[in-house]
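What follows is chain A paired twice: with chain B in the first complex and chain C in the second.
This part shows the complex of A and B:
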């Protein structure tokens, strides 16, 4: 059986990679201390957002629904209500980490099933071209047909300083855009502190964030305790929003360097070989 | 065979008559061969149509039951179910339900988007949930109606390519612990096997339907078809039982699963796979030829 993407982040497997000494000055305090994500525009490319859910704290500022009809896609800005709750769950996690970040819903899934690759690509394009700064992609496609189109969009985002944060599939099969080098690919770790994440020196999945037993927004304004890679990516999305609010205009590669330097396992050593990291920053 | 030539026939007339008789004979012989062939063809088509249509769904159901049961055992789950998506109604339909309330559970359909199964079917993302019993809405739904409210759930999508075709769901680990990310990974393997079984069944069902259409075109009257079908039904049932239990069936399934996995990796991987399989087939053929020639493999 192939190892799942979350395995590098288990206490037994976690590697402690020394940082470049000069980068040690990039601390979590420097990177996002005191930040609330204020003013940063975060896109949730998903099933929409239920703007009334207490988990998003009234921070939904707009959005769009991608509609596909007769082989062409169009945008409906009049509604982006969540089709079934997945997008609201992700948005709620971003809000918990970055409470003053502005949330935008880009709905690419409908009430009768997952969206097509075309809807996904169209939603991503809309988000890149409409001034959003961080995009949470807790979904992707396994169809190779979309490799090139999504790769172009990921490059377009990269060159426009739009940070793409993607969830890796739980099972290690190819999935786009989570396996592109230009994105921040995230799998789940068994960690409860929303601001503690790990760096994996063996890509394609570079970061591990809380995704096990996470409280997420659920139907009827409630919450559920869930496990899944879908919930790890929004933690990193939230942290990127915190960083960008404190340090506006950073390019995606700088953001990734900051994440690598502030990852828990880059700043801590195990108390004994093979054991989990000691506590205390 | 030819009648004795009358005295007054000329040699030319005699030869002409002989040629006509030979032609008639050849025609009759061909008609007989054609007739036998047509009958055989017709029966073969009926057999294929009937046996695949009858055998496949039953065999698949047994296989899915086996997959879900083994997954539940391996992960110490108290109950389990497998749903398929009905695209006509946008509902999840129980295909397999195991556990104390399985019989009750089978009666229900779940609208897409509702509950954990509906969420997973729509998002295509696997999830585990550990506080289900605290959720009044969950308890008020199917769970309460069937008298079984789980505390923990692990639910994964079943995929055919990029499309979600159903979900597999496990309930309540024996030790009361939540399902872990490792459990999710293990269930992925069972889910992949189930998805392959479903894909195959659908393919076979489509083929069976095609054969039935062909048969309808070939057979003017329904009586012969009905009689043959009835006779074959009995044999198909026995075949189904044997197929689900046979090692050969499982071996073939595993090979199909591997090929399916490789095929999804793109043209290069497909090309390698094809070349490798062609080499193996060539080797096997050579061995078989030697064996049938009396030499046996060296």
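This part shows the complex of A and C:
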């Protein structure tokens, strides 16, 4: 069983669309060549991060836990230990791709494996208002009640140049915020190369990255092989961090254009209809 | 009209013993999947408003590595194999 929304990124369904000639000049080497993500502040909106896990390389610089009590939310900066491993797994992938990016844990899910819409919205707001530049959202909600509030937050992020990278639902259901136009929506591909990703010209899910049986950080300082769109998004988050370290201050729509231009299937088009993709670069 | 009777304490104990016996015969990855099944069955049936988009150990958790195993899976990006670092 593979996660939903991955279908456009299978070899049979992958679409090869020509770049505009000017976009062909945006190469991976230009976009992130030599970059390690140094100094870019990446927020992991999730279950927390185990900062001492070797997979995050000591790059966790801070964080907060969103606490909900009596119908109100508050922030506890004293602890953001991972509640069940998912956040550390995502953070490890970001670190793998962008080893010098700074990681910040925004814990919005608890030991039960989920969270409330209020905690999620509060955590997202905190991240937007506290100077983080890229936010990884390997989570979401199917509750329509949260559509407007999360949409407003996604717009707020967009207007502040905060890039939101969101995982699509693993099931073929509408979920938020992954389907908003202002975010970078990601599903998984069968690919294993962390830097190979695909563009889908038929939204809402626009990018595909490794997410099927990928190695992730796990409990006790170990690793596990896991599957889910959750693990595709942090690959793109890491690449965005690489791009922003090399080209600071880019707006989210510029970042998305760079991703579209550097996607593997935009640069490796078949030489003739029906033939295998050429070598591209 | 039938009279439905729930399992007794001894029924439950016998059932748990059989489950434990079944679990003991599984491989470690299968035990992980089994544990996830039990955990999911006993969890609060009311789904959380916000959830992560993973399959956890249930469908994607095979090949669990032992704690402390820093296998070479990370070397691609951080080592010399990565053409962009």
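Keep this in mind: the second predicted complex is superposed on the first by the 265 of 281 C-alpha atoms of A that agree within 3 Å, B and C clash if a C-alpha of one lies under 4 Å from a C-alpha of the other, contacts with A are read in each partner's own complex, and residues count from 1 in each chain.
The working rule: a contact is a pair of C-beta atoms (placed from the backbone, for glycine too) under 8 Å apart; a residue touches a chain by one contact, two chains touch by 3 or more.
Quick caveat: nothing in here was measured; it's all calculated off a predicted structure.
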item	value
Chain C versus chain B on the shared chain A, clash or fit after superposition	clash
First, second, both or neither for A:6, with chain B first and chain C second	first
First (chain B), second (chain C), both or neither touched by A:174	first
Which of chain B and chain C A:229 touches, first, second, both or neither	both
Which partner, chain B or chain C, touches more chain A residues	C
Which superposed partner A:108 touches (first chain B, second chain C, both, neither)	second
Partner chain(s) touched by A:29 [first = chain B, second = chain C, both, neither]	second
Touched partner set for A:204, first chain B, second chain C, both or neither	neither
Contacts of A:62 with chain B and chain C, given as first, second, both or neither	neither
Chain B versus chain C as contact partner of A:144, first or second or both or neither	first
Common interface positions of chain A, toward chain B and toward chain C	1, 47, 86, 109, 112-114, 117, 138-139, 141, 143, 167, 170, 212-213, 218-220, 222, 224-230
Partner chain B, residues of chain A touching it in the complex	1, 4, 6, 47, 83-86, 109, 111-114, 117, 138-139, 141-144, 167, 170-171, 173-174, 188, 190, 211-213, 218-220, 222, 224-230
Sites on chain A touched by chain C in the complex	1, 3, 28-29, 32-36, 46-47, 54-55, 86, 89, 96-97, 99, 108-109, 112-117, 119-120, 138-141, 143, 146, 167-170, 175, 193-195, 212-213, 215, 218-231, 242
Parts of chain C lying in touch with chain A, wherever the complex brings them together	43-44, 47-57, 59-71, 73-74, 76-78, 82, 84-85
Residues on chain B engaged by chain A in the complex (per definition of touch)	85, 90, 112-113, 118-119, 121-132, 135, 137, 159, 161-164, 178-182, 184-186, 188-189, 192, 264-266
